[in-house]
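The following block contains the structure, expressed as structure tokens.
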Amino acid sequence: MFTLDRHPSGRHFLQIPGPTNVPDRVLRAIDRPTIDHRGPEFGDLGRAVLSDIKQVFQTEAPVVIYPSSGTGAWEAALVNTLSPGDRVLMVETGHFSGLWCRLAGRLGLEVELIEGDWRHGADPARVRASLEADAARRIRAVCVVHNETATGVVSDIAAMRAALDAAGHPALLMVDAISSLGAIDYRHDEWGVDVTVAGSQKGLMLPPGLSFNAIGPRALAAADTARLPRSYWDWREMLGPNRNGYFPYTPATNLLYGLHEALSMLREEGLPSVFARHRRHAAATRAAVAAWGLELVCLAPQGHSPALTAVLMPGRQGADALRRTILERYDMSLGQGLGRLADQAFRIGHLGHFNDLTLCGTLAGVEMGLAAAGVPHQPGGVQAAMARLASEPAPAAFY
Amino acid sequence: MFTLDRHPSGRHFLQIPGPTNVPDRVLRAIDRPTIDHRGPEFGDLGRAVLSDIKQVFQTEAPVVIYPSSGTGAWEAALVNTLSPGDRVLMVETGHFSGLWCRLAGRLGLEVELIEGDWRHGADPARVRASLEADAARRIRAVCVVHNETATGVVSDIAAMRAALDAAGHPALLMVDAISSLGAIDYRHDEWGVDVTVAGSQKGLMLPPGLSFNAIGPRALAAADTARLPRSYWDWREMLGPNRNGYFPYTPATNLLYGLHEALSMLREEGLPSVFARHRRHAAATRAAVAAWGLELVCLAPQGHSPALTAVLMPGRQGADALRRTILERYDMSLGQGLGRLADQAFRIGHLGHFNDLTLCGTLAGVEMGLAAAGVPHQPGGVQAAMARLASEPAPAAFY
Amino acid sequence: MFTLDRHPSGRHFLQIPGPTNVPDRVLRAIDRPTIDHRGPEFGDLGRAVLSDIKQVFQTEAPVVIYPSSGTGAWEAALVNTLSPGDRVLMVETGHFSGLWCRLAGRLGLEVELIEGDWRHGADPARVRASLEADAARRIRAVCVVHNETATGVVSDIAAMRAALDAAGHPALLMVDAISSLGAIDYRHDEWGVDVTVAGSQKGLMLPPGLSFNAIGPRALAAADTARLPRSYWDWREMLGPNRNGYFPYTPATNLLYGLHEALSMLREEGLPSVFARHRRHAAATRAAVAAWGLELVCLAPQGHSPALTAVLMPGRQGADALRRTILERYDMSLGQGLGRLADQAFRIGHLGHFNDLTLCGTLAGVEMGLAAAGVPHQPGGVQAAMARLASEPAPAAFY
Amino acid sequence: MFTLDRHPSGRHFLQIPGPTNVPDRVLRAIDRPTIDHRGPEFGDLGRAVLSDIKQVFQTEAPVVIYPSSGTGAWEAALVNTLSPGDRVLMVETGHFSGLWCRLAGRLGLEVELIEGDWRHGADPARVRASLEADAARRIRAVCVVHNETATGVVSDIAAMRAALDAAGHPALLMVDAISSLGAIDYRHDEWGVDVTVAGSQKGLMLPPGLSFNAIGPRALAAADTARLPRSYWDWREMLGPNRNGYFPYTPATNLLYGLHEALSMLREEGLPSVFARHRRHAAATRAAVAAWGLELVCLAPQGHSPALTAVLMPGRQGADALRRTILERYDMSLGQGLGRLADQAFRIGHLGHFNDLTLCGTLAGVEMGLAAAGVPHQPGGVQAAMARLASEPAPAAFY
């Protein structure tokens, strides 16, 4: 039987790479009474979040907010800009890029896939080559995942933009920033992204239930001619009412309260500090993994994710048993290996509302779990992480 | 500037016909820390809500839960069962039936509309006539709104089923129960509905952000051949993981906590008591409207909505000014006139988490507002409502 | 079995004259994690509430905050200023003045009582006469209840001060402002009060659990020579640490969060508006009582309480049965008749976080309850109250 | 300026030995609307908590609950049982035993003190000797602190009882269980304690604001003849209304909601498991301290506290600077050295709502703080604690 109220003593460590630990401030904000979504108070709320969210995307472009999971925002990016039979170039970086491919196919798009080994980010040279080979300009969009949540590998989006430019190809650049937004430096405008896809439950520190499209001007123009059927996801329906802070259908008001609060928190900490914090925690986590003698999924020197760390099991098996042991003994949830990494890897989320001591507790849980599950490793990971943290002190706290 | 925290003294009266007043129990449930949506605890939650939600629909059929607003569930009903160019028969009952028509058109369906005067429910005889005229069986679905939120008129769904049966027509019967579920007796199975569409923010007493499709066996079969492109809304993706309590993409976990709590509340009160409570409050509201000498939008004797009451303004104007006066002076939100009723009518929501004294406060706000706004009326509405309430005492409370 | 979670549908009407309805803002503030009561963040909190609370007492004097109920603050006022065998002059205004007498007696003080009829406030002339008769200056303190919660009668504290002055008597003036603070204009400094006693659960809109002493300079001086044993209540222990925002023993941190929020709310509304709001609601309530043909407990024209209204039952019996009926049928709690008014009177609280529509709902509950319980009365009370409210519109809301 | 809402990213580690980390379940329970403290629902609540609280004291005797801090419960224990000039035998175990002495003196009692070194528990032999020397039976009570929060030393209460028995002395045995109740095995009945004093903000996992007296039959009898003045604290006033679940003055209702929830949590986990958990975490903490090469305050082999660990600074100075460094860099609050241990020691609280990973995070914060503050120590404390935890696995979780 499910009950909301049975847990072992102490606070659960939710260290999957999203949903992340929701701050009490955000939970309390969500706990307010719902208001009239057509009244003046809602208009104030709507205008505030629709304006402030742009800062997190580092954009001046409009950002639409859907009551949906991030998967919905993927669909929205495609149906608003493309027509049946259009070709999209997708770069395989891991499980989530694969899901996006599958989604595109189901919507009636033709997918050209640049295969990958799930251990490196997207290769701009191969994208450029594919685009240059597309003499007929049949490719209408290039889709890349910024931070592949399944592998902990970051792709260089600025380089991707440069590849399109070098190829002189007019395809739209669409980027999944679901697990990077609010955790890793992401620049919609500067990088010339046409559509950015994001969700609420990662760096934005919200529960799941909201998703986002940041929409550059070329994408907006494409929406005028795109012929994939759409209604719920239609940007044009959104952008009109959004101008006054309203929505064309009932928005997820209470999650918007939470968004308002989360955006305040990010602003108070400052985005550069937020990004530095994630990099620092990721470096400490990698120091622990190295001390344990375990292997990272990520092989790209520049691609290590500040948001999560995916770790290969010795012998490439037993990750699920390890995770079960850690959950049962230490009340911590870790991310599972997905797709071809099933049972081969586990993932440590260190993004969102997080700090040094929670990271140390997290790594202690992994280290004790490795021992309890009989996984070959060296002890000393927590010690190494502590040394790494101490070598680069966190910025002064608010106190 | 928006702030979550500035209100006049006392509790706001949110008497729009949805979102409704969310009970503290539900808000507190939503305020729990988010959990791993792939872990065992989530499985317990998922199985519980996916099973319990069926009781509210009075069905044994599967019910899928989307992280979306109710509009999304409309779209889901259509894209899962129909193919481009299919014809749907829609019955105009008010603004929301019109939105459904528009949505169908945008998805590439051909809409045959039975026009209505927005003051009566759907006429089974006309539906039957249209179906009988469809010798080629081009109509694939009949779409009806159970409780038209824009007008406060209920349509007889059992009679609609009988009309299809009498016509011997194989079209699917799709029903929008968004503002009736959990407030008005609704019987998915007994009435032979193929797809029921619902949302969280009305009789289910949740904030907006979840929507539902109850899926009868013929609809499920239709999904195998339907060719409208779909991914996010695809039932088949949902039904597999749902069997174990999981979802194909990240669900809106915290709203599911709230759903679990709301279903407990409905079960504790008992659905028959819930329905009786709504009928009683609606009757008292109509007694007030009659005492004021105002006219109801609903002209159908059997169609008065237990969930909301729409009231015409004398002279068919000034509803928005009245609502503004009531909001500013009495801190109460009423529903606006929608579509062709804009500024002509206002709507009083009396559904969800509600009781006698809140109803009296609500009606007092309307009566004082009518006076303050200079709307011609007779006093005595609250008095009449109190008499009506006293004439049929509420059931014994839990104390 | 007790469960936090079983209530009838809708919001309970808590219309006892305290504890009052706690605003969601305050409840959410209390719901924050507890912090270190010796850390810098707590110091900020402590300084803020210890400073801001003075405004509500309209004083520059120190105010100490106890983790206790209001009864504790009565005890504190006496033990800090008096010695065993000291004589105190108390004025009987109702049940609560009687409790204060009893408490004084138990602490070893000698009580001189000016008897009253429970239907008028304290008579300054009689106080003056008693003081003038006290040639030996044995009376060390005069104790008066500002707003007698048991009867709904307000005493004139400025006149009480004048009586002491006219008698040229050095006794301390101690005032119970438990149910007036934050609801009725109360001026500790201007009225020359030496000790004001207050609690959290009335006009301050908090749950019970905090109490207050505002301490004038003469009272502070008296503490140096007072010989009643004291430790927990000792002002001198408090005032030192309070200067930096700390407390000599662990304070009720979470209730202090709530106090911080409640003081913000009172400041936002403005004390003059708060007082006017209470007067207006009380006048409307009395209009209802008059329309019902019932009798007020209060017979003093100037003494009608803005915070609560006590109503006598026809035949002076049956109040408890009426209250039970109202609780069971209408989910509203009213105050019972206390002491000699037991079962003879009931009390309607209209203080704290409150507004016009909640008042109308409240009065509707009383009117329907009178009918249901068979209490002889005229209908039309709610109507009369609405007319009274409309005759003096509330100030513009925040919207 | 104080704001409830400014914290660094991530969850604060509140590792003072109380107030402890309040579980979300308890905070949410406290966040319910306040109810009528004289109504039937409150009676259910009152009966439940007054009955269930006995299990935590392991007693059949009545337990009274005060709206006050723990200091108030000390005062209550004395004023209910003693008369002016009575002699009490107190055992110095640390700062808090000293506060109790001072309080007794201020109430007019004569204190006989058995001095101690603050590094051992109370010595039963010396208590016995003092009692045997008291031929005139002037000693009316023996007061001992079970778990001295200032030093992390536990005294053997069963042995204390045996000392009284061996001396054949009729003095009452009063025990401060403020920081042991709900964390360390405590047996009011089996150990023959006459009055146990406790508070809400330690092992009971509540915010501060409630305190307790468990009252054995001899203490209850003493209350009949005790002549210290008392009113607020008077047991006799409490016990009557308590029989039906009510209180003589307004109780701290919302904290009682929290108590109800906390008692459920303790019952779910089971007291033996709760105690074992605390012992295990304390042992791991001591392993860390030993690895750091630091010295414990506690020198008694049997006296190590399961609830907190007090650590001496090398050179007996700098504890406050260390704590400040840890607060600013790692957002953790540790307990300060109190009284004669000021700046010489710091205290690690590991009681209440707590688990293995939070302990590891806590110890990591201490270890990194020692390094950052330049305190001579050996690294490896966290590693040692992890080894200790792994050597005695926690019981299976609820999952």
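Residue numbering begins at 1 within each chain, and the chains themselves are lettered A, B, C and D in the order written.
Methods note: a residue touches a chain if its C-beta (ideal position, glycine included) is under 8 Å from a C-beta of that chain, and two chains touch if they have at least 3 such contacts.
Note that the structure is predicted; figures quoted are calculated from it, not measured.
Looking at the partners of chain C and chain D together, the chains they share are A, B. A straight line joining the Cα centres of chain A and chain C is 53 Å long.
If you average the Cα atoms of chain B and of chain C, the two centres end up 45 Å apart. Residue positions of chain C touching 2 or more other chains: 21, 28, 31-33, 40-41, 327, 399. The touch graph of these protein chains is complete, with an edge between every pair of chains. Residues 5-11, 13, 21, 25, 31, 264-265, 268-269, 274, 277, 327-332, 353-362, 364-365, 367-368, 371-372, 379-380, 382-383, 386, 389-390, 393-394, 396-399 of chain D touch chain A in their complex.
Against chain C, the residues of chain A that register as touching in their complex are 24, 28, 31-33, 40-41, 399.
Those residues of chain B whose C-beta lies close enough to touch chain A in the complex are 1-2, 4, 12, 14, 16, 18-22, 27-41, 44-45, 47-48, 66-72, 75, 84, 102-103, 106-108, 199, 201, 207-209, 228-232, 234, 248-255, 257, 260-261, 327, 333, 336.
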